[in-house]
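Chains here go by letter, A, B and C, matching the order in which they are written, and residues are numbered from 1 within each.
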């Protein structure tokens, strides 16, 4: 039982890191990116091929080094950011909203397709496997998992602190201004592309970092493990927790991830119809997304307003319950009708 | 999808189906200013409706075609009523994501009901005929003819009927149309019903042409419809039609050089290039500094 | 004679087959408040787009403080000290009112990721030090009661005043206002006129596009008249009353 919860919480923590990255791109900059899962997968693959050593035939993959785990993760993040630099440069130049999303979707398909079919990269359909073991050998099975959970939570905490700091900094404020009105931001001297691009790269880096963690957790990774549609779970988590609010994003990740895993325990998936469980899960994700968008688009913890330093902060139960009904102070992020959208 | 793209002759039939799908997609955008990411699923629903009609209800091909059309219309109208219209007071990105959620729900519902494997249509393909340089079955010819007929019907609808005129008014300015006495909401619903009917019929045609269907065929159609519509001119039916023709040509030409599996990649590449070079569509004048729907 | 702050020379721009701006030339001296008037379709807003970099002229040149603007991006141009408004007020709706003004302040060097992470505390102190000045500025525009309100919750009039507060905190060399009085009641109109004079006192040159001629007469030192895409006259308001070209194009048709 404890093992089960250790596993779930470890995964949830890793996905929370990924969600923090995606929220930067969507919540802060307003770009609905669909390629983040490719960055995550690349992070996993690169970390693995840099730590598990040379491939044994018939398995084949690139590199095959034996680097220490932290070094491998850092290098993996660099590789991921390099990819994001290319994709972002194409997609963010002049494309917005659905066109941006479609372009990133194409990028993730292209990467998925290349990885699945071009075997010399990461052993194609069969994938890569091998113990990465960042904590050095010699630990009992259980001790390793508890310690690794602790390690992931530490990394999550560090990522959270950094992201939260950035969110409330002048940079974070400026990115939201660019999101809210690009033309006005240009008029006040902001380079719109550069703002979105930097955010995109940082978010991709977090995705790569999450991938590095996942590599050590899972020990085997193939295209079966990372269908690009998994990203919708993360968007559901961000919507539930609070788009644009790092605390909310972490909260939402745990709620959705743990909630779904718990729920799928009770959903039957007969052997004759193995696609039933995952399909039901996707339906629930879709429902969650639609319902959150319709009824509580700002999530449990809405994006924080920068204030003048004189406000008394309401305690979190008060804010959660939204009791004082200051609905006018809720972010419009997704509300406000399309006719309010000023032509760019 | 790989058998799908075999020969140029069959490619033309496919292009015809794609043209219908793209025009339906662009009509939805024209009247609601929404990129409907669940568009592929409307097609799929039509395809499966015809399948059920044939396999379980044992009706003839014409009845099944009608059933597909009606189910498509119902699906699109339902989508519009329960989702699109409810998100009218939200920004377009929110509606977009909501249609994505709807797509997830619909596609996986179909997966649950029908399973993931490909299912075959039972309609006979008819005899092979030589028509000029092409080798077609009578079925394929019927497909192309009916596609042309539907296209003509759409043209007549847009140009000659009151619905068509009202559609154009609402598409340009919904509020103004309402103030001028046009029942905008009703027009929108009717347009979606028409778009859905066309999509459902296109789904049936697809099943006929290829012979097999599965719940995920919507993804390819969505991408291709978006490519044709954006490439030609989003929201403009004739421009979109032109875009579908160009796309069909591009893919056929590419298909003679590279394997059929890559054809979606070619289509996608075409889309990205169009977005970067001529974002308003080949057939539309004007430029935009940033491209948004 | 000192060189003008802004020199527009023979600027033209066609959209489709239509010449929105056609061989337009004008010069703006530093320290003045200049009105830009003309009938609808004269090309005033297009000209502003061309000056501020949101559109690129087909031909001609725009020189601001001795530097050529044509071909530069809008954000580059505004960093040179030129700020323009749009016909509808544009605020950053999901930011607080005070954040709107803070972003307007254009402290770009603070917005690097690296600096935010390494010297975050110092950035916060720097911003806090500016707080009082911002509070005073906002009180001046009667926005002090709504400092922490989301900008989307402001009334239309407050949004207009927010624009002025934002411009004031940005301290531009040249401000171009595109119909700041659109849909504004007379009381607010007075306030806006006052805001323009304050901008001038603070050192900004101001160009105002407006249809409200009494307002132009009261607020502006000089007036530029456009028609059919080019400038047909430039001078003091009273001189222009007697200019037949101007009268034909515009003043003759004005109905008060």
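Basically, a contact is a pair of C-beta atoms (placed from the backbone, for glycine too) under 8 Å apart; a residue touches a chain by one contact, two chains touch by 3 or more.
Quick caveat: nothing in here was measured; it's all calculated off a predicted structure.
Distances between chain centres, each the mean of the C-alpha atoms, put C farthest from chain A. Each chain gets a centre from its C-alpha atoms; the one nearest the centre of all protein C-alpha atoms is A.
For the pair chain A and chain C, the distance between C-alpha centroids works out to 41 Å.
Centre to centre, using the average C-alpha position, chain B and chain C are separated by 46 Å. Centre to centre, using the average C-alpha position, chain A and chain B are separated by 32 Å. Under the contact definition stated at the top, the residues of chain C that touch 2 or more other chains are 54.
Looking at chain A, residues 333, 336 sit in touch with two or more other chains. Counting partner chains per residue, chain B has residues 289 touching two or more of them.
Looking at the complex, you find that chain A touches chain C at residues 162, 165-166, 169-174, 176-177, 179-181, 183-192, 198, 202, 303, 305-311, 328-333, 336, 342. Touching chain A in their complex are the following residues of chain B: 33, 35, 37, 83, 86-98, 100-105, 107-109, 111-112, 115-116, 175, 223, 226, 230, 265, 268-269, 271-272, 275-276, 279, 288-293.
Listing the residues of chain A that touch chain B in their complex gives 30, 32, 90, 93-99, 101-103, 106, 109-110, 113, 182, 229, 232, 235, 273, 275-276, 279-280, 282-283, 285-290, 293-294, 297, 333-341, 344.
Those residues of chain C whose C-beta lies close enough to touch chain A in the complex are 52-54, 73-75, 78-79, 83-86, 88, 90-96, 98-100, 102-104, 106-108, 110-113, 116-117, 120, 123, 127-128, 131, 134-135, 147-150, 152-153, 166, 170.
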